[in-house]
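One chain, subunit A, appears in both complexes that follow, with subunit B as partner in the first and subunit C in the second.
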Partner chain A sequence: MIRKIRKLPGRVALFLGLGLFTVFAAFPVYWMINTALSTDTELYKTGQGFWLKLSRLGDIPAKLAEVPIFSWIANSGIVAFGTTFLSLVLAVMAAYALSRFKFHGKGLAAFVLFATQMLPEALLVVPLFALFASFGLLNELHGLVLANTAFTMPVAIFILKSAIDKIPYEIEESARIDGCPRSGQLTMIILPLIVPSVAAAAVINFFDGWNEFLFANTFISDAAKWPASVGLASFVGQYATPLSSVMTAAFLFTIPAIVFFLIVQRQIVSGLTAGAVKG
Partner chain B sequence: MPRIQFDKIRKSFGSNTVIREFSADIPDNEFLVLLGPSGCGKSTMLRMIAGLTDISDGELRFDGELVNDREPRDRNVAFVFQSYALYPHMTVRENIAFPLIMDRFKGWYHIPILNSIMRRVIAKRPEVRDRVTEVAEMLELGSYIDRRPKTLSGGQRQRVAVARALVRDPSIYLLDEPLSNLDAKLRTQMRAEITALYQRVNKSFVYVTHDQVEAMTMATRIIVLSDGEVRQIGTPEEIYHRPADTFVARFIGAPAMNLIPVRLRDGRAISDSGAQEIAQAPAHLSPGPAMLGVRPEKISLAEHPGSGVLGYISAVEHLGGESVIGFTLEPSDPNRLVQTGSTETVHYARVPGTAQLTVGTKQWFSIGDANLSWFDADTGLAATPDRSGQEVELRSARTEAPAP
Partner chain C sequence: MATRSSTQGSPPPAVRPGPSSVSERTLAKPRRNWTPYLFIAPALIYLAIFLLVPLARGIQLSFTDTKLVNPGGGSFVGVDNYTQMLTSEQFWNSFLATVLYTVGTVVFAVLIGTALAVLINRPFRGRTVVRAILTFPYAMPTVAVALIFVWIYNQSSGALNRGIGVLGLGEVGWLTDPAYGMFSVVLATVWKVFPFVMLVVLASLQSVPEELFEATRIDGADGLSTFRAIVLPHIMPTVRIVALLMTIWSIRRFEIIYLLTGGGPVESTNTLVINIYRQAFSSQNLGLAATIGVLGLILSLSVTVFFLLVERRENKREASA
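Let's look at the complex of A and B:
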């Protein structure tokens, strides 16, 4: 719990600092919206104004009429939610096994999972392309889900393993005595206790999937199956870039991500403070 | 209500042997206490009874039926953990109901999401709801029933743990140092509550503790363990008055039994230095070195100076209704007479009232001839009277633990 700063000058300084930080962090978002509500003429010739021109909100559909932005966002959603779901299901089981079971090669398994984080994605694009081609996964969204899961799952495993490590064995043993089988111990006892960590892992996995560009750009050639990240990049032309349209699409692209974060952030915050409260 | 039989049970973790050989036969409805110092293997033994730890070797039987490979849930036991092990995300009601719900859970109910629905459905069944309420009322948890464990005090959490054990009506209750996290006052209260519970449910209890007061006040039978070995099995009275060896003698009682090194000669026990006669030696013991065990309450202040045993007072503790007097048999370094002295040579007497004695002075003590214990000076094993009337060679007088 943050200690209360009682003296007035301290409080003023704190709020000033936080205010500056907020402006610094939020200004690019504001400018994105401002650009989206400007015309290309303003952007390239007369210069855009500082204040939002909300009256131009009605022009947005016309700007995006030529591109299937909602379909791209839906594709991004499929990749992001698919990655999050698959990664969390596998990570929960892997983390539980790494935390609770003794088996030969446990250390090696943990190291190999960790080692996947050392390899840059770009290094694996070519071998993955060959692999995906032979499995018929190119140009498929579920192929993207698999590729992203492979990269994001180890992070989720480590987050969840450290959370499970903190749960005393006795609680599971108690459930065992009460007649609860292993699977039940995991789903009814362990999982509810690590919800904050699951939420944190979900955020990381979701944004990895949502922001994914490299694999999507390489593996998906059909424009209708592009996720929004690749779709946005396609706005950039050889001779011109319709900045206003790009920013409009980018703004729409950020909305689902913000909504997702707002939904899970309560769980994460409760997890951050859970250890600070004496039980 | 099974009879529990331990047949040459052994437990090792790799090369580390925790239980060397444990054999005992415990009848129905006993309040059995496994007593011993930390690390003696008593909790491991309890976990083996529960099925939480595998048995390396030997056989464990409930009513003659081998249970070595049975899952905990198939043993019909309840376990109260030292840390209580309550489910933090469930309310008191849900915690207590959990074993009943699990008893009614079918395999496919464990499918995620469905399991939480089925838990709620089963919890609302009248037989479950009423039983939970009944047990909660019995343990005076009614007003906390919808609270989470973290909002409860230590004693209340303890009661929830007991309620969770009680709700299934198991045949054996296993309790692993359940009072060690409570303060002294609450511990006394919970001790009485657990004893009352034992009398009420009339089932077998196996209780692990390192606290001899808990063992003496609650047990109908005690097994004293040390370094993974059974030192003695017996009722609290047997353990207290007829310890099987010097370890048990020193472990039970506060202050512990006095162990006085003596030499047996002509039917008399002479102090090691030969300076004074301590007690009459029983006729059945052979002459030679021995260890005399005397409980502190068997030593009193001599009425007439010059009779009994002369001691040099090294400590006087007034406990209100009684006094504990520490004394040595030999006046060692005069400067040390005013100190407590080495624990090896200080003996204790417990006398009623407030004894007006001064540290450093001499005092005559009387040691009654009844209820004295005699141990082999080398092995520490107790010498039991030989019924044939033959002399007992102390060096080879290995006592078998009294049969349960």
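Let's look at the complex of A and C:
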């Protein structure tokens, strides 16, 4: 009893700290919604209020019509889907090889995969720009898919390899004796067992493609093909921005990322841990 | 290898090819198997085309005077670009900005992330909600982060200046005053990335065996000494690796700096990566841009090697302890 009382000030301090950081984490998100629900006159002249004006929710469709956000989001979706699909197909096979076989050059392959985490996109964007120019891939969404996959696939490999590592080998052994080929063992036995990890890898890759900015900003000059990251960024630092409309559009672009992240949070965390810590 | 039969089960020892018995022992299966290469080849060929070839081309470009208008042209200039860079004040400012940005981001993100992981590891009412809120920044697209922070930092109408105005402090040009530019960029970055540290450390904390806590509680240890004696040693390897990843990612981070300040004000946030981009696409000088890229890559590699050396020393110490 006495010890509990002695500990109380420390406990209060801990929870005050936690509360402070929760506010720190939440405020910009709150302020984004608040800005989206303000008028531009309030933002620039009369001053933005602190409390949400929920009565303005009805203005949202009109605000979204001011920014071509839906076509940008469609472009982001195409890039994200393409990146996820290509990345997972390559990663599933590579993760299977790394997890289930011993072979010469395996250590080197694993090192190459880790080393990709070090390469700055900004260095590669210059030669890739030249490469894409000569293959007619500039201004093409599938060009972005190709460039993004090089950076997302190693992450998927880390996650999937550690998932396959956890499956006991005996399960495939019996199938192997029955004459099931390796490709069949992978698709019919292993894949169904690692669905949660595949989902985590898919979400991480999808939102890497969804959010990607540098390649899109450099390779896509045709505004009709901009993904939302580039479209929204085109308003940063502009004077006379329709700010509340841009914030509404940006929030719409943010919602899928937050929702999916919360849905598969547990798998993502274990996936990230596997990729980051044991990879 | 052509004699490999398709019969199942291990062949009798007599028909094994003799001379390669040493390499045979290192293989999982008693016969040489090309299957793993078939499975991993697509991924490696892909990375070779889209990462290694551009990397090689980038290194080659750094020894030329190639310009953006004619990316195929440009002639070999030896190490001229390197001498020019290593003797220019602009490059060393950029190097310093990278170090400041990296150290600031890593130190604060790792401290805040680790502290919060420890705090939300204990059960309390509303923990799920708090944890969800604390992970929002990580899920938010960087462009959205940049948009809202540019607005929060806005000099005349931004929330930050209005907030400190209430405290009686004057307006600050968070993104326009060279004295504050780096601070503002680091703050926005830390906001975005601390949840990664928190989530990974949290996962590591959840693997601390409950019996360890019980044992110290019976011994009458208070919270702080439990933390120092049990929790900290358990999570330190994870924290070190997260710090390494944070460092590598900070050295190569582009988007948030580019969108918040574009390297300004007065080049105060002109990190190496921003410098590459400006050199390539504003000054149109691909050769010099590639040179900065190669020097930046050397920085990343040195940091990694340093971390690996520390890691090895720590592992040895733990093994002997």
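To be clear about the criterion, the second predicted complex is superposed on the first by the 223 of 279 C-alpha atoms of A that agree within 3 Å, B and C clash if a C-alpha of one lies under 4 Å from a C-alpha of the other, contacts with A are read in each partner's own complex, and residues count from 1 in each chain.
Quick note on the criterion: contacts are C-beta pairs under 8 Å (C-beta built on N, C-alpha and C of every residue); 3 or more make two chains touch, one makes a residue touch a chain.
Here the structure is a predicted model, which is why all the values come from computation and not from measurement.
Look at A:L119: by the touch rule set out above, it reaches subunit C but stays clear of subunit B.
Shared-chain residue A:C180: touches subunit B; no touch with subunit C. By the touch criterion defined above, A:M188 reaches subunit B but does not reach subunit C. Contacts of A:P61 after superposition on the shared chain: neither subunit B nor subunit C is touched. Looking at the shared chain after the overlay, A:E170 reaches subunit B, while subunit C stays out of its contact range.
Measured by the number of subunit A residues touched, the leading partner among subunit B and subunit C is C. By the document's definition of touching, of the two partners only subunit C reaches A:A26; subunit B does not.
By the touch criterion stated above, A:A147 is placed in contact with subunit C alone, subunit B being left untouched. Once the two complexes are laid over each other on the shared chain, residue contacts for A:G107 go to neither subunit B nor subunit C. Overlap of the subunit B and subunit C interfaces on subunit A comprises residues 177, 179. Listed in rising order, the residues of subunit A touching subunit B in the complex are 168, 170-171, 173-181, 183-184, 187-189, 192-193, 279.
Subunit C meets subunit A in the complex at residues 8, 23, 26-28, 33, 35-37, 39-40, 42-44, 46-47, 50-51, 53-55, 57-58, 61, 71-72, 112, 115-116, 119-120, 124, 130, 132-152, 157, 159, 162, 191, 195-196, 199-200, 202-204, 222-223, 237-238, 241-242, 245, 248-249, 251-252, 254-255, 258-259, 262, 272-274, 276-277, 280-281, 286, 289-290, 293-294, 296-297, 300-301, 304.
Interface residues of subunit A, counted against subunit C in their complex, comprise 3, 7, 10, 14-15, 17-18, 21-22, 24-29, 31-32, 35, 43-44, 47-48, 90-91, 93-94, 96-98, 100-104, 106, 109, 112-113, 116-131, 133, 146-147, 149-150, 153-154, 157, 177, 179, 182, 186, 207, 210-211, 213-214, 218, 228-229, 232-233, 235-237, 243, 246-247, 250-251, 253-254, 257-258, 260-262, 265, 268-270, 272-273, 276-277.
By the touch rule above, subunit B contacts subunit A in their complex via residues 50, 52, 71-73, 77-79, 81, 83, 85-89, 98-99, 102-103, 105, 110, 112, 115-116, 119, 150, 164, 168.
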